[in-house]
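So, here come the structures, one by one.
There are two complexes below, and they share subunit A, which is joined by subunit B in the first and by subunit C in the second.
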Partner chain A sequence: MSEPILQVINLKKYFALERSIADRLLGRSRAYVKAVDDVSFDVNENEIFGIVGESGCGKSTLGRVIIGLLKPTSGRILYKSKIFNRTVDIASLKEKDLRLLRRELQIIFQDPYSALNPKMKIGDFIGHPLEIHKIATGEEKREIVMKIMEKVGLIPPEEYYDRYPRELSGGQRQRVVIARALILNPRLIVADEPTSNLDVSIQARIIALLLRLKDEMKLTYVFITHSIALAHNICDRIAVMYLGRIVELGGAPSIVDEPLHPYTRLLMRSVIDPDTRNIPRVREVSEPPSPVGDFRGCRFVRRCPEKMEKCEREEPPLVEVSTGHYVRCWQHVKR
Partner chain B sequence: MLIKVILHNSMDVKILEIIDLEIMYRVGRKSVIAVRDVSLAIEKREIRAVVGESGSGKSTLASAVLRVLPGNARIVRGSIMFDGVDLLKLPEREMRRIRGSRIGIIFQDPSATFNPVMRVGDHIAELLYVHRGTRWEEGLKVAESLVKRFGIPSERVYDYPHQLSGGMKQRFCIAMAIATNPELVIADEPTTALDVVTQMQVLSMLRELRDEYGTSIMFITHDLSLALSISDNVTVMYGGEIVEEAPSDDLRREPLHPYTQMLLECIPRLRQRLDFRRFEKESIELPSTRGCIFSNRCRYARERCLREEPPLIDLGGRRVRCWLYE
Partner chain C sequence: MNILDLLLRLRFFRRFRPNALVITGLAIIIALVMLAILAPYLTPYDPTAEVAQPYIPPFVNPSHPLGTNFLGQDVWARLVYGARNSLMVALLAVAIAAAVGVPLGLLSGYVGGVLDRVLTFLMDSMYAFPGIILAMIISFVLGAGLINVALSLAVIYIPTYFRVVRGTTLTVKEQLYVEAARAAGAPLMTTLRYYVAPNVVPVAVPVLALNFADAIITEAGLSFLGVGLPPTQPDWGVDLSLSRGDIVHGVWWTTFFPGLMIFIATLGFLLLGEGLSEVVRGG
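Here is the complex of A and B:
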């Protein structure tokens, strides 16, 4: 296996909550939301690494932290950089270097409507990073933009260049966002639910586009999604997140064929199969707990149908059950 | 056994019948057709899913039934019969007696439904007070027993909206929609804002609603697998028109319209991996303005399809708008 392009080591991102006056008077300490809590994983070059979980599990925060949009509370993010010609730690990089690294690391957000500037022609919007990084202006910029527009399927580019976002459909807007992310020739792209606002037929084409671009431009994707079915369809490996922790990690086929964590199984039961009748039965009624404060025991214990006494007291470690397949559950810890 | 027979007999009574509806939107100086040539009937005890992409006209249809269309919308023709009365001809005062009382509503965003300074139970009490003249205290008691039926602890009725999670709020919305025992509930993307696990719980709650109270449900969604899983019959809309309509089982087994076929193919499944690359052919995403509305995306499009729009062809028990089935 090739050396990983990205190594995330013991990464934490806590958000401090505002303390009320009563809290201060009573001397209560500050509460934290542990959005990402001690997460480690590698991403190999040219793979699609999926991060799956419900809203609030920390997956989006994780995506922002690993490309340097958010400073982590602690931990390391080792990235094999071309520009610096060495491995750098994104977590401790200076602002100036981080800006330079932006050429290699990009993010695609969920909502193409809010990602676009409504008053900017889409050609100018796509080419803006070229100006920011002082790579090209004027005619030269136009040429690079046209080329990338063609690549993402905004064809013919001269017809789209001077249009405004409101004149485009949802799928076309997402193509614009993808074009801008690609204009600096990046190597690693975090795609944060890039298709969850789109209809399935449009989603299929955007995914097809992302897959082609990955081959053509030798890209690596960290693909964040709430849909384990979508992740299974396109990712090489999947990490399942729950309340800031990775609870299961492994190859996409082995996660789906042999889900080990009760939470992964719950997610899979919630997928509606269009080929069979009936709503899948999800007996569990409790709500996902809040990520605020400290936890004792396994984070999934309140919703777990298979919990044991030990789960309440002590959190299980992430153990490797078979080659490359990790799970955080006492059922799989050999004593 | 006898009860079953009676239920079955009452099945063919229509609760809602939309006849030849056409709605236009004024956008600047232009007029855009949002809904065209739409006729559909929902029977008592039926769960009908209306499926379509954004812009297909499915939400416009729901707004028209509730008579809450935006100001720039104009109903060009058609009628909407609810229990024998044309809703479109009703004075607003009488419509208000039906909306929220005989026709319940569940929206996509549960947070927008609640007044943040009122307890959730008060919303139900208010509804009962306005429509039934029920005393507030009594209304709260009704709210308690209502939510208890759906597995929610009754004391949650006294919580404020911000104290509830999104899924819990949506469950209260459903309880609210059925508090007045409506004959029809319109659910507009009720699970889109929810997590996958919570979504399942809300779906089974809607199913229960039909099974136990006999309420008809018009379930509006962009998600075909969701539609197939919950409904008896599915109406597929594209570009403001009905392109296919069939019992859910038939549609799942044998989708007829090329658009429905494409939708079913695109859904990511757990059992097999899709080869997404074959979907990347063209970048057209908007309905055609000439001939068949799907002709510019259709793999079977022939010369006639580009010229002439097909009618909604009745195949006995199902309908499809495609020249292939003429």
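Here is the complex of A and C:
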């Protein structure tokens, strides 16, 4: 196991809600959405680190914060940068330095239908980062773009270069998004549900492409998904997130083979098996509570089938149950 | 083969598929522009010279087809040269307004925060003021003259562009491709220029045409009130103003024809504007 390329320490990202005039007059304090609430983890070089959770758990926000697209409320993000030739704290970096870091940290967006600029030709869109960073223009740019287009399977590249996004299918669009993320030769890529808006048949191909590119270009992925099955298939390690908190973290096999947190088990039960005899009877159908405001006790308590009296009062700490396998649940806290 | 056919072959029209409104409006506007450009070839007379007896009625003397006014100036000559002034003022006014309003709207909508609040407040205050009164005051302060009228008209149109552009910018900036620009490390101006503006500015195009219509009629109004173009200039509004006493003596042609031109020009731009907004909305 290589050493961490990224260390996230006590990271918080709160979004302040707009107060109404009445609230201000009455002196009510601001309400916050705690999208990411005190999260810590490491990402090792060349691994695929999965972040799993349902919509609204803060996983997309977390993904954006760790590559500096959103400023965190507090916490540190230590990244071993090649360009700066040292470890930098993304959380406290200046705007100018952050822009430089874009060459190393990239993102693949979820929705390829809104991720492409409708007024830019495909080739120009993929190659624009080269111009922004003054790496190449004109013919030189065209050549680099063609090469990356071939790599992501937009073949033949000449045929796609001068087209506009509206002329492309969803799968092709996602290839364009990937090509643009790769054009600067980055080291760490946040993949924000890169396949969830695609047809099932195309999903598998995009995943295969991402895996091939990882080996070819020596990439590290932070892979954000709501599907624990997909995470199990491709990730080395998985962090399970619930309402802004990591509730379980560990190697992908151990998370799936012996899920410790009741929420992880709930996610496991919701995986669809094509064999209809195995469709689980999920008793738990409630939605996650709103992430606004303060919590006392465990965040999962309202949906937890195994809750104890203590869970209502006090939030459990994240404890290491076996080597590298952490869980935040009172059941596993040794007295 | 005429100019309209040629225009229809342009890429622009193939992509946007114009409707009947756009085509009719464009036809009127092109005719007016031709009138303005070809003015010296359409009449032998100087529009400011007294070339014949006053008050020759229209359609009787073939050398003065629309008659003459109280000074003996040729009404047709003043109409065609007047088209130059009217269109020029409107063009300048709309160009200045768009050149100021569109970038401000983009910046305000994209950057947000204090800048947005201050600009929105300023623009709303301007918008709340009745247009022609604001234009009259500015025009009065600046004095008569083509550029000054254009400027005072521009001021009243700036908030229109600002509002339309700011509103659309708020929508566009939530799109992932704008975040993609930031993810690529693009500075603010690059993001605005390549990612935001191209997706916002088209919504301002119909406003351009509608403002053009308004500019023509407001300029005529200002000139009629004496705070527009100087009274020596050939201009539809000036002509209306100078000849307004004629009607009681049964001389209808000195006011009817300039009025008709204002009507036609305004109609042309209104049709174009309405048509374009349907096209932009995808109607």
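Operating definition for what follows: the second predicted complex is superposed on the first by the 331 of 335 C-alpha atoms of A that agree within 3 Å, B and C clash if a C-alpha of one lies under 4 Å from a C-alpha of the other, contacts with A are read in each partner's own complex, and residues count from 1 in each chain.
Heads up, the rule we're going with is that contacts are C-beta pairs under 8 Å (C-beta built on N, C-alpha and C of every residue); 3 or more make two chains touch, one makes a residue touch a chain.
If you're wondering where the values come from, they're calculated on a predicted model, not measured in any experiment.
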item: Simultaneous placement of subunit C and subunit B on subunit A, clash or fit; value: fit
item: Computed vertex angle (subunit A) for partners subunit B and subunit C, CA, steps of 10°; value: 80
item: Contacts of A:171 with subunit B and subunit C, given as first, second, both or neither; value: first
item: Contacts of A:62 with subunit B and subunit C, given as first, second, both or neither; value: neither
item: Contacts of A:266 with subunit B and subunit C, given as first, second, both or neither; value: first
item: Which of subunit B and subunit C A:119 touches, first, second, both or neither; value: second
item: Contact breadth on subunit A, by residue count: subunit C or subunit B; value: B
item: Partner chain(s) touched by A:227 [first = subunit B, second = subunit C, both, neither]; value: first
item: Partner chain in contact with A:106 - subunit B first, subunit C second, else both or neither; value: second
item: Lowest C-alpha to C-alpha distance for subunit C against subunit B (Å); value: 10
item: Parts of subunit C lying in touch with subunit A, wherever the complex brings them together; value: 175-177, 179-187, 190, 194-195, 198-199
item: Residue ranges of subunit B touching subunit A (in the complex, touch as defined); value: 53-54, 151, 165, 167-168, 195-201, 203-204, 207, 222-226, 228-230, 248-249, 252, 262-271, 273-274, 276-280, 283, 285-286
item: Contact footprint of subunit B on subunit A as seen in their complex; value: 54-55, 153-155, 169-172, 175, 199-205, 207-209, 211-212, 226-230, 232-234, 256, 266-275, 277-282, 284-285, 287-288
item: Touching residues (chain side subunit A, partner subunit C) in the complex; value: 67, 69, 98-103, 106-107, 109-111, 114-120, 128-129, 132-133, 177, 180-181, 184
